[in-house]
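Each chain carries a letter (A, B, C and D) given by its place in the written order, and its residues are counted from 1.
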């Protein structure tokens, strides 16, 4: 009798199999694996034999030590939501050599592209110029460019240099800019290998005409960019916030923009959805995006490809390479809340 | 007695010396050269000895054969307006070996940056999303991205591959896109050397999700993009017009955008300034910029640097390298009207 | 009283502290850490208090489970020899969350540079042409290039895509070649992200005019390139062997070169040092290098920098990033013998 | 009656049509054009009607003013030998607007590849190490690398930045080196655009561990690199000579190499062929190549493609773009002797 296919427990909520696998990938998934689609709450009710056979979990369901003990052949938890929350005994998983991986890298390119658009929009005043044109009060030629600047030959700062920071660096590669990066979790020589300048937070703040904030939120960096930090930014600079709102003092940011000293753009907000009366809604010098930077269908589809590629390696007894592994040292520092909607 | 300094006749209207030379460059200009600032109308009234000494003309004044005959030591006309108009006997100039050069390359980078911003804005719906957010009707997350797409892994077309097309290619270098170029004045192998795919106009139109129109207007390409050509573009594609409005049938373009089939952005318009009632003003799916793409102070300042660098070569009997030379074969095909304002 | 400095047990043989730390790095090491220099054999004789304080081991000494139990605060073993040998209970280390890292990445760039030189030397016949010139029998101009080829616009294969394969890809980035990579431990999409073409071993062998062999030797790939595999290479192709000799059937390789069908270069040999009478010594069409590809002083010095950078992260409770981590799944598959000399 | 095909006078000696056109290109040539294959000496004997119809000359035959007057429809001389010699009235040609173009750019990539190989060979001592290995006196590992260095993170100088210098810059793009360029015919900002550092000759000589000499020989740079200039090079540096031997004092270069202070490689020699007893033949620290750097069949074939591409533009009344145009200011400064053999 042929070996049974490896078993995948599928609990990808709020994602779904159809969101993250396109048709050919879904075919691959179901032809290579037995896929048991279930809900987080029902996991513990599965019989021991089934749990004991499970090789992969697709999703981020709560796992108790007791449940984990029954999952004796588990090799990897594929967290396709991609924000790590504190709902499983990571230490036990890591001791046993079970990988916990995330697929958030799929968002890096679409977020970087939106980020670059925002940076260019701020540098060139594209949104207010279009609005003025609509209203018949446009200013023609150089007179309309009094505060305009190029990214070429400019100083750019990036705060956080994970997948997203690296994608930003890549889309900026044609611009001949000086790029400074603050990332306290990375050694300086690795930053230099990416052709960026390692810098302190203050150096980034004080020298950059454009700053991208792409650090994940951790136990250490909440409100990292407070009023004092923001006040270090040069006059006329633009700040683009792409990771999580909690990393800045949002009121302080709005105050700086309202004063006209800097401009800003953000894809993330202190509350999502945001109250209808929130003052950022009609703030000039600010560009708003409703947490749309990463959530493209093409990005979700890549999650499925990543999962299949790493399952194929794990099936052969090799470590996963495509998804990002949670790490003992940092998993408990992560503070990004999971998304409620895709 | 020391040799007198070489003489420059300065008639840069509508530019001015202070617009195109920053302070250190202006110092260089005046310390290396004798600069006679005059007006186009007054040139012919200069005495023969002065005209006979003139090595350079800075500007694009009308020159008759008669006046040219008096300019016996002229080596180069630096056209700092940068659109070549038919106001001098180019054939005579070229026969004598007098260079006519333009400094329009300074605009390539700022125009390319604005062009890329427009492409990203169209691909991601950034302007209407911000407007919706202002008005409290934003759509959060993936639901707001139903028509969004990335430039990465997309098909991009560029029509015209001069300085501006090359600058676009450079700022797109981090995007891993397939870039097709239509430029009938360039051999295919040169395009391949720039890592783009040589293509016919129809191929560009039919395959590109994003098209940049950056061809100079010539005697041959007026209304090149007419209704039929535009109809070849795929549904959902975006067209970014950056060179001159005459290259498209503007009414046809507006009709395609109004239908919702494609989106567009433009920095140039059939009339500039544009009448207050022009229908493009409130056209959804269209982003407007009032001929602001290139006219940054930083760009104008580079003109002066380019002029000084090429004068230094010409002073040593070498050909100019930095500015772009007008050519016998094409100078009379150019149809871009000069700008009235900077 | 100030906290004592963290303790480093230093047993780097065959490296030495002076080999891998330049003067400023050595100063840093000794100012930040208490460094106890000892020998592998003496480790077990250290008292419990000392062992219990040790945070890092610099080197690759044998570690028993018993000794490990006494090293209660150990965070990381820095294997600066860089070939992982089976002399410590890796499973126990990983269960406890102790990192084992290697610093072999420092060799990637010098090896890649030598590899590229070898590829160009083979493609252009540089060594025999110089020898002929010495002997007065050189052939001038195109007549001397009958078998010469460029790397530009050629097909290149890379077998193994770790640090070294990636360094090769980087030094080849200016050549516009089609690069195919075989690496069964990596998912195809990661290869595509590095702008190479994922391929099977046979595809690499059959299409490449130049093949670089840079795979580490494992339990699975001994003599991967046997006579049959080598026979798939196109006539006139060149093979450059840079990792370990055991990955090819060396006799088969010599036979192919002796026949004149292919050419080859190698930095590694079945025995090192090699017997004086080994037939590769006077084999034409073969370039020999005596395991010199990586061992540059500048490379060794980078080991010290890497170690310091990762210690700094580990000191702050963060995971190491600069050095390469051994992995549970693969550590026991590694079969490279450690070097006896630097 | 259909228009007759445009007439090409073909006198490509020492090249030949079969050398520079592959089969498909040759088909194109003969299907688009009437090709009259003749000899330089026979040109003047052609009848007026034939000469008057000729649109292109393929080759570099001597042209008198008288003969030129009979070539009333001549648009372009395609010099496929590629060294401009003083055998035609260039001034008359340029006054009339007849282009004179060369196809030497085809050699840039093969020469750059050989140049890079030479630089790596010198930096790593590859040739003497192989020779020692042949003779059983190789030194293993780091002990064999006492004078070895990487190109990465090194200082590289390029003298001359035409097609060849640019090809070198391209093949060096993966090396993260500081590249200084001396080229007095180019403005500094153009060099910066190629991501190299404009420098004086002395700066290049004094700072570079590796120097590439790729300047064409002109009336001004004979023996530019004399004993004094060479003495400025740092100890241990390597010089790679790729353009013409006359640009260096060859005896002085040999003396520096003989002293062991620097190393060198050359593709060009004071006499070609070189006397059998020339002392460079057995000079250690010197790598010899018998003018083989560019003359690959694949390069010659590209000449035909370039010629066809530019003829196609010229046929449409457009200027040539692919080949390099001779210029009034510099054509008479060129002093490279033409090659006698391909």
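As a convention for this text, a residue touches a chain if its C-beta (ideal position, glycine included) is under 8 Å from a C-beta of that chain, and two chains touch if they have at least 3 such contacts.
All values reported here derive from a predicted model rather than from experimental measurement.
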Between chain B and chain A, distance of the C-alpha-averaged centres to the nearest whole Å: 38
So, in whole Å, the Cα centroid of chain A is separated from that of chain C by 34
Euclidean distance of C-alpha centroids - chain B vs chain C, Å: 50
Residue numbers of chain B (touch at least two other chains): none
What's the contact topology between the chains, one of line, ring, star, complete, other? ring
In contact, pair by pair, are chains A-B, A-C, B-D, C-D
For chain C, which residues count as touching chain D in their complex? 109-110, 113-114, 116-118, 120-121, 123-124, 126-127, 129-130, 133-136, 138-145, 148-153, 170-175, 272-273, 276, 281-282, 287-292, 295-298, 300, 339, 341-342
Where on chain C is chain A touching in the complex? 94-97, 185-190, 305-306, 309-310, 312-313, 316-319, 321-322, 327-330
